[in-house]
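Could you have a look at this structure, given as structure tokens, before my questions?
The letters A, B and C name the chains in turn, as written, and every chain counts its residues from 1.
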Amino acid sequence: MVEFSLWDILRNLLMAARWTVSLSLIAFIGGGLVGLLLLVLRLSRVRGTGRLIGAYVQVFQGTPLLMQLFLAYFGIALFGIKTSPWTAAAVALTLYTSAYLTEIWRGCVASIPKGQWEAAQSLALNFGEQLRHVVLPQALRIAVPPTVGFLVQVIKGTALASVIGFVELTKAGSMISNATYQPFLVYACVALLYFVLCFPVSLVAQSLERKLHGNRS
Amino acid sequence: MLIALDFSAVLSSWPLLVRGLAWTIGLTAVGTVLGLLLGTACAWARARNLGPRALPLRWAVAAYVELVRNTPFIVQLFFLFFGLPALGLKLSPEVASVLAMVINLGAYSAEIIRAGVEATPRGQIEAAQSLALTPGQTFRRVVLPPALLKVWPAMVGQIIIVMLGSAVCGQISTPELSYAANLISSNTFRAFEAFILATLAYLALSMLTRRLLIWVGVRFLVGR
Amino acid sequence: MATAVDTTPAPAHDGIVVGAPPIVDITALRKSYGSNEVLKGIDLKVQKGEVVAIIGKSGSGKSTLLRCVNGLEVFQEGALSVNGKKLMHDSPTAMRELRQQVGMIFQGFNLFPHLSVGRNIMLAPTLVKSRDAATAAAQARKLLDRVGLAEKFDAMPDQLSGGQQQRVAIARALAMEPQVLLCDEITSALDPELVGEVLRVVESLALEGMTLMMVTHEMAFARKVSDRVIFMHQGRVHETGTPAELFGHPRTPELRQFLSSLHD
């Protein structure tokens, strides 16, 4: 019976954690770009975009991420494109992130007092100028804490990619736990590694939130 | 190239889907009630100044909350279901699922309720004290109801999140909705159709549950 | 009942050009919020250089009327012209043109919190009138000096008192060189001791010949500075006349009741 040391376990988990980190970053950045596009579309008040994007958000916020991953995995395959778990996970998580981020950002823009819009209008600024010079700079400031906070959700979300076969931290944990017959230790290590990834980000988000409200009060 | 989607095979397995739906609702209901109780207790421990003796308790609750909020639910579930048996504690999939949901919701609701409790105006507590209410009565009758009402939308959101997160419990063979979809998919080889239907069911469920919970909040938290 | 005859005798100062077409011309204006009609047919002509005070109970439609003049509110019936040009809500170019002619000061100041005082004033001229930064900055400094805040060019809005913020708001509106200034209860949100500094600036604008339309509760100020006072009641112009007439000899019971309620 091969003896596995704690270090063996951790070493293997850390290698898999690289994939967790890269998937998280891809989803966060990709989702951020798509979310920004959706936000601008929504704000441009083109007929119907508001309702459409609202429905998009409702679907992603009202269904399990696990289902979204399954649908991406089997759905892309329907079109004859060979999908790897990595691709399906990246696509699903990017879209998931884009829906949540665009909704967070929409809320930030909506929280800018109407008086700011009216003052800008009264100074003869057109819609684009109102947005770019008066509303978005203020909304950006408010948006930073919840956006950083959502990164934590993305990192946790990558764990579900294990279910469609992508070998990231959680899947590695399952595999190592089966190989070592030490599920308690292995899953404790997995949890610890996620904690090490997420907790600093949570702290940063909390401190940004405090700074923001400290400035305003 | 349009692929032919065949829903008939999946739809004929509707009893499985209904059973899965019932399990999801049941798990969520039990998990929510117990999770809210746990969360309220934690909020009580942290928000009320129970004095320096209670400091270890406050730290323990804080550690619990941060641990749960910074790890994925699936890992928590696997830890309970696969990890605990190594210590001699073997749980059935259903019990492990409920336990994981309670622990998960407990941590999030602790934070949500704590925020509501801390927003209580000082005057309310002073008025209660002047009326000779004990700290326990003050918390239960004066502080908690308005706090819950104020944070109810956030709480509803979190309950929906936990309900949608329960889809993962199918991975340890809890017979809920995603498990049913997986089963149908392997029986009929119609994976996409099965998952689409399950997803639509989840969507309908989350929308209805949200409406229901908000109605519950208005009905039972106001005027008590 | 309210009289439709406008009994404006000699102007309070030399600025008014009598006989010229009105700079703001409102005819039969009606506005509703859904089924609730807030403006029930307003007729009003304001001459260039005239100072018009609009008074009345809350809900009488005063602010709504003012906000129709610069297009912040959309009206359903009637006509509104500024400087001879009809107000066209659907045309962004027309609205942009209108808002360069008509400036507005808000009860809540609405300074842009992420920009310094100087940049607040410079923003619109730079974007709308394509002024270069140096010219805009020089103009901003001049205007700040005019409202008594020359040293505050680099300050941030949250470092200023309410009265100072409102004076910056006035400077910001003046930077666009408007022909008409709309003042929507500009001192109502100020602590009493800060009201005077703002009213002094407004008075100086009036004396220089700026056309002003002010919704105000400051009756003494309205009495002193305005050429004409308009009392609005339930969405209509109920009484109109000089300050001496309206405050001294109110004709209708509604106005009498309104004036006496102010003294409670």
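Simple rule for what comes next: contacts are C-beta pairs under 8 Å (C-beta built on N, C-alpha and C of every residue); 3 or more make two chains touch, one makes a residue touch a chain.
Values in this document were obtained by computation on a predicted structure and should not be read as measured data.
Under the stated contact rule, the graph of chain-to-chain touches is a line, running from one end chain to the other without closing. Of all chains, the one whose Cα centroid sits at the greatest distance from that of chain C is B.
The interface with the greater number of C-beta contacts, when A-B is set against A-C, is A-B.
Nearest to the common centre of all protein CA atoms is the CA centroid of chain A. Put simply, the C-alpha centre of chain B and that of chain C have 54 angstrom between them. One finds 21 Å separating the Cα centroids of chain A and chain B.
Distance between chain centres (mean CA atoms), chain A to chain C: 48 Å.
Within the complex formed with chain C, the chain A residues making contact are 113, 115-116, 118-127, 129, 133-134, 137-138, 141. The touching residues of chain B, when paired with chain A in their complex, are 1, 3, 66-67, 69-76, 78-79, 82-87, 160, 164-168, 171, 178, 181, 191-192, 195-196, 198-199, 202-203, 206-207. Of all the residues in chain A, the ones that touch chain B in their complex are 58-59, 62-68, 70-71, 74-75, 78-80, 152, 156-157, 159-160, 162-163, 170, 173-174, 177, 182-188, 190-191, 194-195, 198-199, 202. Residue ranges on chain C touching chain A, taken from their complex, read 70-72, 92, 95-100, 102-104, 106, 108, 110-114, 123-124, 127-128, 169, 172-173, 176.
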